[in-house]
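What follows is a short report on a single structure.
When the chains are written out, they are named A, B, C, D, E and F in that same order, and each has its own residue count from 1.
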Amino acid sequence: MILLTRRATFSAAHYYWNPAWSQEQNEQVFGRCANRNGHGHNYTLEVTVTGRVDAVSGFVVDLKWLKDVIEHEVLDVYDHRHLNLEVPEFATVIPTTENIAIAVWRRLEAPVKAAGGAALSSVRVYETADIFAEFRGE
Amino acid sequence: MILLTRRATFSAAHYYWNPAWSQEQNEQVFGRCANRNGHGHNYTLEVTVTGRVDAVSGFVVDLKWLKDVIEHEVLDVYDHRHLNLEVPEFATVIPTTENIAIAVWRRLEAPVKAAGGAALSSVRVYETADIFAEFRGE
Amino acid sequence: MILLTRRATFSAAHYYWNPAWSQEQNEQVFGRCANRNGHGHNYTLEVTVTGRVDAVSGFVVDLKWLKDVIEHEVLDVYDHRHLNLEVPEFATVIPTTENIAIAVWRRLEAPVKAAGGAALSSVRVYETADIFAEFRGE
Amino acid sequence: MILLTRRATFSAAHYYWNPAWSQEQNEQVFGRCANRNGHGHNYTLEVTVTGRVDAVSGFVVDLKWLKDVIEHEVLDVYDHRHLNLEVPEFATVIPTTENIAIAVWRRLEAPVKAAGGAALSSVRVYETADIFAEFRGE
Amino acid sequence: MILLTRRATFSAAHYYWNPAWSQEQNEQVFGRCANRNGHGHNYTLEVTVTGRVDAVSGFVVDLKWLKDVIEHEVLDVYDHRHLNLEVPEFATVIPTTENIAIAVWRRLEAPVKAAGGAALSSVRVYETADIFAEFRGE
Amino acid sequence: MILLTRRATFSAAHYYWNPAWSQEQNEQVFGRCANRNGHGHNYTLEVTVTGRVDAVSGFVVDLKWLKDVIEHEVLDVYDHRHLNLEVPEFATVIPTTENIAIAVWRRLEAPVKAAGGAALSSVRVYETADIFAEFRGE
């Protein structure tokens, strides 16, 4: 078993806001992130799959295929978008780094499984160089 | 003469939009950046000053002072903000990387000059690791 | 369960010296690190906590709180200090990268636990870009 | 138990080619990597060992020793070489990132074990900043 | 006037060899780089153009256009290639970092000029993180 | 003319202290850097030379030679040392980033000149990722 990782990046806007709270409560919990004009980040994704190395190709999975899956399932939906306003899973879930990692996992788990040969192992999301979240499934 | 540089970062949202153009024209020129919901970046600033090294302190300028100036003049206004909607100089100027470099220069030139001993030499702005603009004054 | 990481940096001096050994023995084992005038590094910390994502806030822990804990418990004590001469845990323990990782874990484990909701998962310490140690508890 | 990692780099040429396939099949599976003139990369290795911290030295292993082992067992054989043409294990195995990680593990496992006190824990190989494979043994 | 830079990467094989010299002379001057099986690198390019910021678009040049020019003029010819064997300008010129910087300049100077509005200012080529060459024209 | 740069790193301890001042004055100007137990950094050097590319070798200078010069003239004296206590030029000059850049220039200018063919163009010193000074000669 080997772990194979592909990195990708996307740029998006977001804000942190709980509609059940007042402006004051939102600012107290979320600080400057509660600004509803939004701010943004260059996010970095690390998508890791695990499986056996195919004896013929030397691949766990074809990295070009994995790149295409990440682009189609994640980047086409997230890149140059406002996460709160344009991405369905963040209509009611706050797009924190933690929740983005979980959402990316859910977008990628089935396509990776369907391809056979490898399983999704972890999704790591960097919001900045100093903050990252990693989800490895339930 | 020596060049001394301080790096700083801020996260902001922006979009590219010329109000004199139709939606189609904006999308043709600006592509995905024309999305008016906004997207965002982790910007990195490199602010360079030039001057003689003070024989007593060994400093061109006090880097703590320079950090404070950058925070007060730039980060307090740009960080966790929507550049188009909340920063005065981008009300009528498109916040491209080039224009952000010029705007940061204009915010920093006078305070650096007022402090004496050093002059602003260049402002470099990274929008991503792959794109940066540098302004060295007129 | 999700892993959430906060990075932080500090600059410190240290040396490697076993007082039970002669100068020759120390130099044989520790090489240039045995120079008792000290040398130093820009250390990078990666502090990882694990827990469930709070459904209301979208947080495992509040990253601002985590930043404050790291600053108060670690950076205030280590940054711009001589680890051997000024940090209590290194009075009798050599401040190798391994021992710094363990010491940072011991400083952070209780405060993270006391806050509830998340547990300390790992502490990684980079001495340089090429050398790092990670401690995950006993 | 603690994890201690040493990073190292080497520059090498390689290509992907299965001699049982036609040129067309190789190009279909391996794309531009099937170019038999070869292309190349700056590879980054992260070699991680695990063990107890020695109470006297503060070391899991002596990092200078680990550096020498990596240089002697891996870099002297791989650096500035054509992996397919000059490295024995890639005479019949395609030098994908996955297979390089496994090959480096096999070169390092015995010497680390023979030294006592620590075991090889993982070998991570970066082909580029965006692609890496990690092997942790069978 | 502002400087605008676009970064790009390519992976290629090369060797250093002067056909007028003996094997011994080549190895004496070029060391391990004289291995004619070739080795390789992940090269990073920084292409900088200079010009006035267009008042309507906020651009010096359209970065998507610049990216396309770099891909068409340089990456399509260099990426996943053996520089000595497959790139015309290195048939008789040794592909050192210096010569690659000059060759990339010559490939980009005319197309940038033809587009109008900006001039090529510098080409920087990183062979590794530790070695880079920069050419600013004659 | 081309610019060729070699990067190198060293780890050292230092402090900022003006013996003509009281403890209070030193702390007021130098803050935490005035701690006389010392602290330290991983310094990164970028040494740039300029010259014509030799038509036979494709080199401005032999980078292995440049590496050896930097190691012999700078790293052997600075690395794993306390700059204030062990490096002659900092006995009476405060080892700020600015002064280190000037001192490295003075150590390298003559040997580069003596080798012929190229001149020292600039010395850049990074104290951390966020602070660097560059000296280009008088």
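Just so it is clear, a contact is a pair of C-beta atoms (placed from the backbone, for glycine too) under 8 Å apart; a residue touches a chain by one contact, two chains touch by 3 or more.
As the structure is a prediction and not an experimental result, all values here were calculated from the model.
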{"item": "Contact-pair overlap exceeding half with A-D, pair selected from A-C, A-B or D-E", "value": "A-C"}
{"item": "Where chain C and chain F are represented by their mean Cα positions, the distance between them in whole Å", "value": "28"}
{"item": "Distance between the centres, which are taken as Cα means, of chain E and chain A, whole angstrom", "value": "34"}
{"item": "For chain C, residues contacting two or more additional chains", "value": "129"}
{"item": "Chain pairs in mutual contact under the definition given at the outset", "value": "A-B, A-C, A-D, B-E, B-F, C-D, C-F, D-E, E-F"}
{"item": "Residue ranges of chain D in contact with chain C within the complex", "value": "1-8, 53, 56-60, 62-64"}
{"item": "Complex contacts: residues of chain E adjacent to chain D", "value": "9, 11-14, 32-33, 35, 37-42, 79-82, 85-86, 128-129"}
{"item": "Chain D contact footprint on chain C (complex, rising order)", "value": "16, 18, 20, 29-31, 93-99, 101-102, 129-136, 138"}
